[in-house]
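You will see two complexes here that share subunit A, one where it goes with subunit B and one where it goes with subunit C.
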Partner chain A sequence: MPLIANNLFFRFNNNQDFLLENINLELHRGECMALLGENGSGKTTLSKLLIGILKPEKGEISIDGEKIRDLPLAKIGERIGYLFQNPNRQLFCSSVEEEVGFALQFRKSERGESEKIVSELLGFFQLDHLRAKFPFTLSQGERQRLALAAIMALDPPFFILDEPTTGLDPRRKEELFFYLQKLLKDNRGILLISHDHDFACNLANQIGELKNGKLETGVIKC
Partner chain B sequence: MLKQLDPRSKFVLSGVIATLAVIFNHPFFLAPILILALGLLPFFACNLIQVFSRMRRLLVILGGLVIIQAIFYPGTTYLFTIGEFSFISLEGILQGTSLVLRLFIILCCGLILASSPPAVFVQGLVAWSLPYELAYMVSLGIRFLPLLREEANDVFTALQLRGIDLKRMPWGQQFKIYKSLFFPLVTMAILRSKQIALSMEARAFRAYPRRTFLHSLRLKKMDFTAIFLSIFGGFTLIILHLKGLI
Partner chain C sequence: MTLPRIQVKNFSFSFPDENSPLWTNLNFSLNPGEIVGITGPSGCGKSTLCYCLSGIIPRHLPGEISGEILVDGKPLSQVPLPQLSQKIGMVFQDPETQLFCTTVEEEIAFGPENLCLSREEIETRIKEVLELTGMTHFRYTNPSQLSGGEKQLIALGAVLALGPHTLILDEAMSQLDTAGRKRVQKIIRPLKKAGKSLIIVDHQIENLISSDRVLHLENGQASWR
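Right, the complex of A and B next:
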């Protein structure tokens, strides 16, 4: 079942004009939609609506047939992995290892399963050697990779990634690209918010552009 | 609009209101002072609805304060007596109510002061011979509180998005999580303050013993009126109170 947004309208203040108007989107598993747009066009706001952090004034968002507004954030987090625009805001543990395994320690899992997942993710994102480090002493790129690894630990079917390539060097960007491709092959759905036109074009099946509060698809050519 | 008042006038006004809140002890006097402070807030461009909705969160704590005072404050008129034990005194309830009213009044004074932009606020303090380093630190501290709150909110959102439903967790586990969050949040704040200190110094903060400001402060007619009315009104009420007339 897809992640669906129907006729979304949103504004921060009742006295203001709508920041987002009549937004419709449908994201299926195995598909990637890229969302482009100028600074302040509402990309991050739209992503926060989709994840349930913000509530739309009108319209409905659903995942697997369930309305987002009826689900607690913890349940949404199990279905949608959300990467914040600023990774500093989503890191809160005292070591890299703990950060990646945080969500797993509260789930009933077989002995050693959590450790295995953490090791795999640390290895994949080349954070193995930083295992015991405090996340805030890492470089921007390392923190970005750590935030990605942390949300991937729960293995959700959908991902919303807000500027995942920020702070990554070309090699790490390429590695991220292959990892996201792998996720798509594993039947995960990705909503990619980015300013990186080439990265978005190479990965996404559909490209949307937020302009004047409206979502336009098929306008940007790759 | 009183928002345009010089910060020094706002200091005097809020200082007088806060002093009255400390001197008067009975809810019958504190309630009108609170009404006056609340009545002034819209003139300082404070959204009363927003203020009330924020205060709503404090109500549980404040209600608790009143109850504690009512139970433990020694009084002469007790509302309940079981055998030899008397509890919930009228004096205690009045004391608790006074405490709550006083807190709200001081909160209103803070909002009046916060209606000036931070730079103007600093200038006001410097104009009263407070070292500008100190004044700047005070204003920075005040202005960073909402940012820190926002940061903490984001961390809690990120926490929940990792499948942690704090509401459904046992107390022990919740405490463990809050405890583990404390250290990183404090470290984040310290790291951020170090960064700010560095960038301030990089922009020549404290490079010279004196500093100038882009705009200079000047007391206008409206400021003198506000200062006069605040001091005159405040003194009159205090003298009447000391003479036992109110």
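Right, the complex of A and C next:
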């Protein structure tokens, strides 16, 4: 079942014009939509609506047929992994290892299984040697990789990634690209917000462009 | 002979509790009107070097230093902070760490106000940098309501308002769209022409297009590209 947004309207203040108007989108598993638009066009705002951090003034969002507004944030988090534009917003544990394993504590899984997942992710994102470090002593690129590892831990069916390549060097960007490609092959859906046009267009199979509050969607042409 | 803006001499740095230094014996100069790009994999110490060059290390962050950094020929540690802020301005990787006022206007005015400039001069600088960064229409907006890219432009504006002779941009274009990146390049060119020096840290080679040379940091070593 897809992630669906129907006729969304949103503004921060009732006295202002709508920042987003009549937004419709449908993201299926195994598909990647690149969400593009100028700075300030509302890309991050739309992504926050989709995961229920912000509420639309009108319209509805649903995932697997259930309305987002009826789901507690923790349940949404199990279905949509969200990477904030600024990784500092989502790091709060006292060590890198704890950060990656945080969400797994609340899932009924065996301790050994959680440890295996954490180790695999730390290995993939090349954070193994930083396992015991306090996240805020890491570089920005390392924090970005840590935030990515943390949202991958729960293995949700959908991901919303807000500028995932920020702070990544070319080699790690390429590695992330292949990892996301693998997620798509494993039938995960990805909404990708990025100013890195090449990265977004090479990964995505459809495009959504926000312009003057409206979303135009189409098949990717890059 | 013109004195370099910054001279880095046999400079090494280690974080507390780290056995090995982040890099050793770093040597380079930044001349007036010169742009130096800095690249390297994440975690190689690019931001740390920026903190050292702007005096944040060791004034506010601890660590073990050997060698020295000179600003206008004087040891950086001996330059008083108010003077240093007029010589070196830094735009941080995460703009949210340097935005704290309730309006964009206040944010831009904060530095000049602390330099005790006249009201007229402060107003002139606010108008100039808002126009340069294309942010005039956000003058009375709370910075927290801006997008990531817009915050980066405001952070850049706030630093430009101080009029430093050296500007350090630590991935200051990472959240900008194409138009925003072009705008920053357009800001950089006349700065260079006016004799300002710049250090630009970036992973995207196209953002380093105006650099005269590029310093690559990796595995504790520095090389020129």
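A few points about this structure:
In this section, the second predicted complex is superposed on the first by the 217 of 222 C-alpha atoms of A that agree within 3 Å, B and C clash if a C-alpha of one lies under 4 Å from a C-alpha of the other, contacts with A are read in each partner's own complex, and residues count from 1 in each chain.
The rule is short, and it goes like this: contacts are C-beta pairs under 8 Å (C-beta built on N, C-alpha and C of every residue); 3 or more make two chains touch, one makes a residue touch a chain.
None of the values given here were measured: they were computed from a predicted structure.
Looking at the shared chain after the overlay, A:140 reaches subunit C, while subunit B stays out of its contact range.
Contact with subunit C, but none with subunit B, is seen for A:166 once the two complexes are overlaid on the shared chain.
Look at A:88: by the touch rule set out above, it reaches both subunit B and subunit C. In the superposed model, A:106 lies in contact with subunit B only, and not with subunit C. In the superposed model, A:150 lies in contact with subunit B only, and not with subunit C. Of the two partner chains placed around the shared chain by superposition, subunit C is the only one that A:39 touches, whereas subunit B remains out of contact. Judged by the document's definition of touching, subunit A residues 88 lie at the interface with subunit B and also at the interface with subunit C.
The part of subunit A that touches subunit B in the complex is made up of residues 51, 53, 72-78, 80-82, 84, 88-94, 102-103, 106-107, 134-136, 150-151, 153-154. In the complex of the two chains, the subunit C residues touching subunit A come out as 15, 39-43, 46-48, 93-94, 96, 145-150, 153, 171, 174-180, 203. Contact residues of subunit A toward subunit C in the complex are 12, 37-41, 43-44, 85-86, 88, 137-142, 144-145, 163, 166-173, 195, 197. Residues 151, 154-155, 157-168, 173, 180-181, 183-185, 187-188, 191 of subunit B are the ones touching subunit A in the complex.
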